[in-house]
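Dropping the structures in below, format is structure tokens.
Look for subunit A in each of the two complexes below; its partner is subunit B in the first and subunit C in the second.
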Partner chain A sequence: MRPDLEAIRNAARAAASELTGKSIKDSQKLVSSGLIDSLAVLKLISLLERKLNIVIRPEMLQPEDFDDVALIVETIERVGKSVK
Partner chain B sequence: MSSRSELCQRLREGLAANDKKAVLQVVVGPDFHNPAEFNGASLLSEAENLASRFRTPERGVVLLLLPHSAELFLLQLGLVLTGRIPGVLAWPTSRVDPEKYQRNLVHQLGNLPVGLLVTLPRLAGNLERALPYPVAGLAIENGSSFDEIFPTAEVSERLEKYHMSPGESHPSDDALFLQFSGGTTGAQKAIVVTAPMLTAQFDSLGRALQFGEKECVASWLPLYHDMGLIACYWMPLWRGASSIQIGANDWVMNPELLLRYVDRGKATFCWLPNFAFSYLSQRRELMQGSYRLDTVRAWINCSEPVRARSVTEFARAFEDWGVRKESVQASYAMAETVFAITQSRLDRELLSVPRAAVQRGKQNSSSLAFDVIDDVYVSSGRMLADTEVKIVGQDGSVCREACAGEIYVRTASLFSGYWGAQGFQEHSLKDGWHATGDYGFLVNADLYVIGRFKDILIVGGNNIFPEDVEAVVNTVEGVYPGRVAAFGVEDKDYGTQSLAIVAETKVDQNEEDSSRIESTIRKLVLTNIGIAPRYVAVVPQRWIVKSTAGKISRRENRDRFLKEELAAGG
Partner chain C sequence: MAFNSLTYLGFLLVVVMAYWLLPTGWRRSLVMAASVAFYSSWNVLFLWAPLMVAAVVFVCGKYIQANPSTSRKWLLTGIAILLALLVLFKYRVFVATNLSYFGIASKRGSFSPAASLVFPVGISFYTFEAIAYLMDVRQGRVRIPSFVDLCLFFFFWPNILSGPIVRARELMPQLRFEKIFEPRFVFEGCDRIVWGLVQKNVIANVLGIWVDRGFGGQPIATFSTVDGWFLAIAFGLQVYFDFAGYTNLAIGTARLIGIVLPENFRHPYHAASPADFWSRWHMTLSRWIRDYLFFPMNAKWEGAPLPLHLSLIGAMALVGLWHGAGWGFLLWGTMHGVYLAVYRMYESLRRGGLPAKGPGLLAGGLRVVTLVAVAAAWVPFRAPSLAQAGSILGAMFSRFTWRPEYSGLFYGVTVAVALFAAVEPLVMRALAEVDEEAAATGLSMFRIVVRPVAYLCGLTLFLLFDQNNSQFIYSQF
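What follows is the complex of A and B.
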């Protein structure tokens, strides 16, 4: 079953905090602020996949699609698929 | 007939005769399933047609600043074949500040005697009055999204000191193209690749790899990188083989794309920097498809020191798709020698030497910017034919086996010094030897690369110059100018380095000020250098370690950072 919006939002906050070692506010820019680099975006994707038990197909995605919590939620809504 | 003319003639004849096989496929989004495809004859005619649209003097230097596209591959080749000397510049990532990037560009390109710069139309319009040579716009398929990141306004920067008479723009009669080995914001250092250098490289590397016309190279490496330009594009062209080219940014977000095209094109060679081996392994479980990879004769680890863990994980992760341990290979290469210096032996597992078995001079290792921290060092293979390597100690003497020192190289494909407005700078060459700045040792004629003397970081296969980073950080308000250190920290997950920065503040700062300074540093480094630092530590006055001569030691500051800041979770 696909996770609901709140679960995605919580996972996004937790993954971003885990990756940066800091408490992350929803409005905090992750990529365009230089807080995380391209390789860290991939670690972020892996963390989100594990936390939500989904697969994110990165085709056509850019690091900027993970720039803040709202964008992460929107991106997962768009391209995330539940692991069967 | 000059060696350049002979090379071009032979290449032209080879391509013209090859009108059946797809010698070049360029995979460009958004349609990743249908690459632009060229057989030898169509590649030749389209490349020459495109190049003929740009009128510059014979042997004039033409810089290409274009995103990954079929047009870039065509134009680079076409300019060579029509007598010009192209040089491919790195296209910026989408995260750099476009205005700053444009201004930097004007200064970066200021020391090169150039005949023409070709870029996307909007950027060309912005730059044409700022640069002292002509700038031409080239619209490429699906290129508008790249061009639109730039504002529609002329760059206000002007080059004040630029001396070039028309005759100065010819590096040498045999010059084919330029490769660059420069910083992100500093002046570009150009390496002139001549016809004799290129043929010497292809002869020796081709022999080591038994590289014939049936080979197919699958690549995501950009043309501004020697591995992408020489191994993955020109070598297949020269040998009548084929290549499949994927954009680097597309690959980073979707690494599976490479494996899909390895399978589809029955690729036989694949060059990758070390981090890519780790990265692909880690994405294995999440890949959607299943691919046949047993056609690949060699997955060649190159451009970063080879990590045992990265190659072992890769072979294990893709064993069920046909990757054999013996197909994982290694090479030591640099643009200064066109490309490869060594190559491991095909169909044999990579050799290694226990770290404890290697003698390392204390003075040598203390000045290293970084070194491999595995228990073993992995061989980068043996010297190519007509290539000599020696290991030189701190006192200038040649080191014995298993004793580490600076790697020196002498080969027929060696450059003649960096080239610019003042001609060739030959100071880096001594009696035909080039001091590489890399640190390593020899065992049984195999070369092992440990790390670098020069403080250059290698992040995901890209050279980052700490001076560039420090210059940017020094401009941040609140930072004590001149008391900044940038260095590399091992990223064990991906087998590469991460950028770390330590910056002293002018006065004691509260937490809020430090946080603001850290944010500004991150943003500025990203927008100017194009890479996000993994760690930024804003530290109080007198934290930075300086030598008795007053010089900042990046190595010592790195050690202190690892011990105090990183260990404390900073």
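What follows is the complex of A and C.
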């Protein structure tokens, strides 16, 4: 079953905080501010996959799709697929 | 028609005045005509090149968006055709360059306008824009517009020569030309143009006199340590002010007609690490490499350490080759790839793989090491042969002699420009603050008197330093 929006948002906040070691606000820019780089985005993707039990196809993505919590939620809505 | 010529400034004045005076509906035609005229002024025979690139993107893009199941095939077909065109032209330059190694010609180091006869100017830049366009279409970020709109995107004269490398989603919406005239377009555009002219003609060209002499005439194995370092630093400063000057002229030109192009530089010699350097130097190329090469590659390998480091070095070697099919460029790119890989290893040992600024002494040391490494890499980038690059690098790092060969003026000018590069962010920030205050209080003294006087001084300097060596370094790429 596909996770709901609130679950995705919570997972996005938790994954970004875990990765940066800081508490991340929803409006905080992650990639464009230099807080995380493209490799950290790959780690963020695998964290999200694990937390939400989904598969994300990175070939359709760019690092800026993960620039803040709202964008992460939108991206997962767009390309995330539940693991069967 | 080089950006830093009176002919171009006259052309720009006419086009910008016509743009704002003509009815809005005529703007697209005017910009298209101006763009074609501008590109033709470089070499009318190669007018077909951007046209063909637009046609490839149009046809393949249409197929990509029509059917998701065959989109990958059409994406690869499009990229293959675009790269084939680029490779064809780059290999011609490579052959010419290698002939020069045998003494038949020595053109690579001279940045002569003759280079524009060898391949269509700007092809490296608009090919990368085209690949990004196709990938963005496949990812559902943009749609393929009409063929005329696509031509307008690729021919757009402010950035066709040497970037900034724009994405369709940031430029296409602006090419509707719907903005109403605002005085700030003129202020912002002229600020960039005048400063760009000074950066290129006054700072870069003056340094270029000694750099050309050092890399061009001196027999190898005669460089002293002090001269090797000064030459590397002087070229590093020359190429920065040259390319930043060009970029300011491109951004300023677009700004005059209300268009915003992305920034390309953010004080690169203030970088805290090799990774930070690439977030400040040629930012639109770095962004392209990250989004369309490095990220998809590593997404496939899920960031595993060995493929990661090899892909970093490989991607940067390709960046080097993108500049020109010469061994020096390849070495420059590979050196940066190694710097980035070593920095990654250092970071993952220190902080679990996350980029972060270190405290105090460590951070300061990393800044110095970064500057030294960047300066060293400029040597093969500029040297006309690997033998000369090896000789200069040898003098810099192992064969220590302290006999200065140049006039005191060279060392003095290099130190002065380096000091200016060091305080440049402070100067720019102070000027921006004054400008903001002036904008808040309406037409203040700054806007009425200081700015026009600064423009006058800048243009006077540009005219005084107007020289035959007007070719921008990056326009040969």
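Side notes on the structure shown:
What we mean here is this: the second predicted complex is superposed on the first by the 84 of 84 C-alpha atoms of A that agree within 3 Å, B and C clash if a C-alpha of one lies under 4 Å from a C-alpha of the other, contacts with A are read in each partner's own complex, and residues count from 1 in each chain.
Definition applied: contacts are C-beta pairs under 8 Å (C-beta built on N, C-alpha and C of every residue); 3 or more make two chains touch, one makes a residue touch a chain.
Being a predicted model, the structure only gives us computed values, none of them experimental.
In the superposition on chain A, contact of A:Leu19 is made with subunit C only, not with subunit B.
In the superposition on chain A, A:Lys51 makes contact with neither subunit B nor subunit C. Contacts of A:Ser33 after superposition on the shared chain: subunit B is touched, whereas subunit C is not.
Once chain A of one complex is fitted onto chain A of the other, the partner contacts of A:Arg9 are absent, as it touches neither subunit B nor subunit C. Of the two partner chains placed by superposition, subunit B and subunit C are both touched by A:Pro63. With the contact threshold set out at the top, residues 21, 34, 36-40, 42-43, 46, 58-64 of subunit A are in contact with subunit B in one structure and with subunit C in the other. Residues of subunit B touching subunit A in their complex: 29-30, 32, 93-95, 249, 252-254, 257, 275, 279, 282-283, 286, 288, 460, 491, 493-494, 496, 498-499, 519, 521-527, 531-534, 569. If you check the complex, the residues on subunit C that touch subunit A are 138-140, 275, 279, 290-291, 294-296, 298-300, 302-303, 308, 344, 353-355.
Chain contact summary for the complex, subunit A toward subunit B: residues 21, 31-40, 42-43, 46, 49, 55, 57-64.
The residues of subunit A lying in touch with subunit C in their complex are 19-21, 34, 36-43, 45-46, 58-64.
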